[in-house]
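In the two complexes that follow, subunit A is the common piece, with subunit B as its partner first and subunit C second.
Showing the complex of A and B:
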């Protein structure tokens, strides 16, 4: 396996605030990593460090490059959508394609035009004349037409309606992703991307609280829905989190064999959103 | 690198359409002004006859000097326009992209902050003067062509009065030198405006101008000296391109004879300009401010 991103003891401080606190992780080629965390957890700071937009302490290598010091080389192989609203509003679609064609060695105008022909976006339109959804379509079409090895998406669908969101992720998988490419994605709408992800990383208070492949979640975590009586028994197995739902207790366990919980109630693998709450809230005293 | 700069400068022209709209509007106004001026003047028969007669009787060198003066008079308006344009362009160049957050997009393309800021500096110092120059030439031709038609209508020979004498190449070459020299001489301000544009969070015009007003006042109050004010005065009015030339000479009757063909280059001291310490100190100051602007764009983290 080849590491596309490798972080060792990465920290980033803003004044007295430690936004990223001694984080280490690897992201391999051909993976789709979901970076999940509450507001202010350090997700965006971490992504900025990966994109070379901000310097950091520790060792960070992206595609074998130092992202802050070799940003130009890095940007030839990375694309990012930081927010839906960042395309310059004054530019015409045709100008955008002209510009990228002349400045980006890996941009294919033909591919971008093919993708745009499937949308209602006119090449003579200015970005300010497009709806928010169309701007996102435009941005994704451009990104997809760049033969980049890593795509970073920071809340790419914020403010879009459900139809556009579904379409966005559908296009992302169909038009962009293959085993040579890697995607890092952050979003608050975790449930919408859950099925896309190959890996998930939770970040809270600047620290990584979970970093695991999706296929290992079911082996590692189990959720039990039990009556109060059984819950008392299960509590001996040290759940990482518990909550009451409709008079029953829902408990999340980490590294506990399912056989040990058998007979105490209904068992299931927690979804990413539930697991996130369990890991983040469970860690909070 | 060069192809990237061309692409980046082309992008500046797309974004800042005022770079060509400002001189285009001046050109249109000057041409319309010539038409209406001459149409109005036509009503005064006697004066028209005297002017035509006077013009016809001038020697060739005197006529060339008169036409060159008209052409330079036209150019002055473009220089004033270029000044305002450069101020507003440089103040907007690194501010607008942060205001609309498109900086995140521009930083996602494979270009360094150095290349991006350089393209904006080159736009201010070379592209704006060159675009302005193109419109100056077009306006000169338009004004002289309109005047030719008018002279023809008045029954005189325009080809003799204007075109045989007009020192077009001399005037245009001198205008080009002047248009390129102005931003070089003013480069400390261009650098300062780019720097303010990169760092300020609001009101770039106010943030750029206020220190220029307050600094000389503070110096006067605290130190009793006025070195800063003098430096600003020299930068504004004492361009060494015209060193040794006293503008009042032009109004001295003793010098009003035009004995031989004159070139606009006679009133310019290009060598003196290029070797003046003030020019190079200014360029160094501009370089320092521009470096600071690159640094701010690269290291600031408020997106």
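Showing the complex of A and C:
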């Protein structure tokens, strides 16, 4: 097992607010981790700590380095697209490539040009002349032209239409990802990416409330749709969350054998969005 | 194009079924290359491990073979094998129910044959024969 990111008891306080509260987790090589949480849950703070953009308490190791103290070395091997991704509006695409070539030893201009040739972006275009979707395309193209081992994407597709969003993830898998690389993604459009994740982590109020490989979700969690009468029986098995849908009760169970629920109603594996609601709302009664 | 994955089965299994359907339809013929794991993953925005797992099922069933450094290929005779299995499955599982309905409704063989001509064009029937 090769941990790309390893966090032990990591906390970060802003004044009186504990943004990240005693968090421990590992992300291994070749994984695509979805970091999911409501606004203000601490996702961006956690990512900043991973990228060495902020100091934190506890032990954090990224590619074997201390991100805050060895940031310069770390930056050669990680890439980042922020939710506030900004490229200077006045810069020409060609100038951007010149700049990256001059500062980043692992940037391949040839690769970037190859990727850009598949888009409508011209090297003579200025960033300000491009649509929002094209700026994101440009950003992804230059980022994936960097031979990095860890890619961090914070809400990379925010504000893009569905066609650009699909294309973005398609390109990510086609042009960047392989088993030697690792990706961390945060997004609110979780249903669009859940099938491409290998792992999912939920964060709420600065704490990790779920951290599991996707293939284990179906073994750990089950959703039951039951009539009121059966719901009363199922309630003895301590669902973590329940809600009413079309006059039936939908309950989410954690670590309850499906056989115990057999005959009480329809069973299914909750998708990530449903599971997120169950874990986050269920935890705050 | 987005496939509609259902929630009843894991996606790798649905992917396997999709490839099998393509073999039965003749869209993938014996010896044809399967699209690369990377392409399928990118096209459907699936984790590459999911795609690999689906392909591995087909390898385990002997319908697909891995050629080192060249990718996955439909095994010679895969379609014939599939047709044989599917026919057997139809005869074992579906036919008894259909036969019971026929008996219950008192339909004659003659009526049914007429309907076969109408619903299954003869070239489809010929296709089936060729594979035997």
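The rule we apply is simple: the second predicted complex is superposed on the first by the 283 of 285 C-alpha atoms of A that agree within 3 Å, B and C clash if a C-alpha of one lies under 4 Å from a C-alpha of the other, contacts with A are read in each partner's own complex, and residues count from 1 in each chain.
Definition applied: a contact is a pair of C-beta atoms (placed from the backbone, for glycine too) under 8 Å apart; a residue touches a chain by one contact, two chains touch by 3 or more.
These numbers were taken from a predicted model, which means no experiment stands behind them.
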Could you tell me whether subunit B and subunit C fit or clash when both sit on subunit A in the superposition?
fit
Mind working out whether A:53 is in touch with subunit B, subunit C, both or neither, as first, second, both or neither?
first
Contact-wise, after the overlay, does A:76 reach subunit B, subunit C, both or neither (first, second, both, neither)?
first
Contacts for A:103 in the overlay, against subunit B (first) and subunit C (second): which applies, first, second, both or neither?
first
Which touches a greater number of subunit A residues, subunit B or subunit C?
B
Considering only the touch criterion stated at the top, classify A:231 as touching first (subunit B), second (subunit C), both, or neither.
neither
Check the residue A:264 against both partner chains and state whether it touches subunit B (first), subunit C (second), both, or neither.
neither
After superposition on the shared chain, which partner residues are touched by A:88: those of subunit B (first), subunit C (second), both, or neither?
first
First, second, both or neither for A:32, with subunit B first and subunit C second
second
Working from the superposed arrangement, determine the closest approach of subunit B to subunit C, counting only CA atoms, in whole Å.
26
Under the contact rule defined above, give the subunit A residues that sit at the interface with subunit B and also at the interface with subunit C.
none
Provide the residue numbers of subunit B that touch subunit A in the complex, in ascending order.
3-4, 6-8, 10-11, 14-15, 97, 100-112, 299, 301, 303
Note: in the complex, subunit A contacts subunit B through residues 14, 48, 51, 53-55, 71-73, 75-76, 78-80, 82-83, 85-92, 95, 98-100, 102-105
Within the complex, subunit A is touched by subunit C residues 2, 5, 7-8, 10-11, 38-39, 41-50
Show which residues of subunit A lie in contact with subunit C when the two form their complex.
32, 166, 169-171, 173-174, 177, 179, 192-193, 195-198, 214, 218, 268-269, 271
